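First chain written, first letter: the chains are A, B and C, and each begins at residue 1.
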Amino acid sequence: MAEKKNALTMVVSEKHLEKTMAAMIMATTAAASGMETHMFFTFWGLNALKKGFSPKLRGMMSAGTGMMNAKMKKLGIATWSDLLSMAQESGVNLYACNTTLQLFGFKKDDLLDGVRIVGAAQMLKMASESSVQFFIG
Amino acid sequence: MAEKKNALTMVVSEKHLEKTMAAMIMATTAAASGMETHMFFTFWGLNALKKGFSPKLRGMMSAGTGMMNAKMKKLGIATWSDLLSMAQESGVNLYACNTTLQLFGFKKDDLLDGVRIVGAAQMLKMASESSVQFFIG
Amino acid sequence: MAEKKNALTMVVSEKHLEKTMAAMIMATTAAASGMETHMFFTFWGLNALKKGFSPKLRGMMSAGTGMMNAKMKKLGIATWSDLLSMAQESGVNLYACNTTLQLFGFKKDDLLDGVRIVGAAQMLKMASESSVQFFIG
């Protein structure tokens, strides 16, 4: 089988703040410490790669999300769009799930520049070669 | 420690369509590419192994699930029961969590034929030997 | 890259019974079978390390949680606080996410004795060296 390398592969299947931010903070931390990093966005998670997306807390009024965002700002945690830029600049690989793209009728142009469209088989190959793999559900 | 092999172990803890379908699509993709594949169904996830089960989207009216199923059909994505058959035919191993079975009072006869009942220790051993492991939460 | 050892690293991001209990049962099972075990509690999951915490089922009335607890007791499954004690006695390492602690304004004193505060980089290092890694979402 393929040898493991110092890499992180995450499958992100949710769009809520508690999951997308957790994944993105892990991704930027991994990249900063020299890990090759792959994020594969599938099902609801694919929304997080749409231009202009801003994550919300699950099942909360927008006031709850606003308060959380204010607290994160105070702690110096970057916003979703800033984290995405940081991630891309530091070499984090962003992938959109091929099947989900068709399922939701999204166009490649709806997604951030630089996102690659791949299938589950390619994601599994990356995960097989990565020392850490997480499904963010 | 045990050597890693080209294998995928998933713990499926939810019964909703977005999670069970994602897991099953990964499983059939893995098996098709020659990976040994293990799916361990626990807690709410165990419902997905009951005869006649059909997954629904979380927190949606049944109309939402019907629309999603129609879109999936159009894209050629098999139904849950067809995916299960495909998985079993291609050698995907299905396991029911021993403790959950007792907790929910399910009988072995409630579950699909071919499902094996195992405990967490056996699942951890499989995961230890697998190149990819995911907890589908 | 770091060599893998016979170890389990889990990131616990939810506080509900279905996720915290699943994680803790896996942790105590792993420790009992000789695996080095690390649990990193982040976001909502950090609540589960507060003194006096008792997990509830997601989206259920408290009657539902009470019934589940009664069934679990009947099956000999320990309560959350007993499982935590068992885990600590058997060497399971409990970590609180540094960033979440600040985000929620928790004090170290709010958390169980013996919990260590670490960041995402340290968690990723543990996960890299572990034969099994799960994100409990």
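Please note the rule applied: a contact is a pair of C-beta atoms (placed from the backbone, for glycine too) under 8 Å apart; a residue touches a chain by one contact, two chains touch by 3 or more.
Predicted model, so just to flag it, every value in this text is computed and none were measured.
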Discussion item. Give me the C-alpha superposition rotation for subunit A onto subunit B, in degrees, nearest 5.
Written reply: 120
Worksheet item: Any idea if subunit B and subunit C meet via the same residues, over half in common, or different ones?
Response: different
Item to complete: Calculate how many whole Å lie between the centre of subunit B and the centre of subunit C, each centre taken as the average of the chain's C-alpha atoms.
Response: 24
Fill in: Where subunit A touches two or more other chains at once, by residue number
4, 133-135, 137
Response to the item:
Per the touch rule above, subunit C residues touching subunit A in the complex are 1-2, 4, 11, 13, 42-44, 99, 102-103, 119-121, 124, 127-128, 133-135, 137
Discussion item. So in the complex, the part of subunit B that touches subunit A is made up of which residues?
Written reply: 4-6, 8, 10, 14, 18-19, 22, 25-26, 29-30, 32-33, 35, 68, 71-72, 75, 77, 131-137
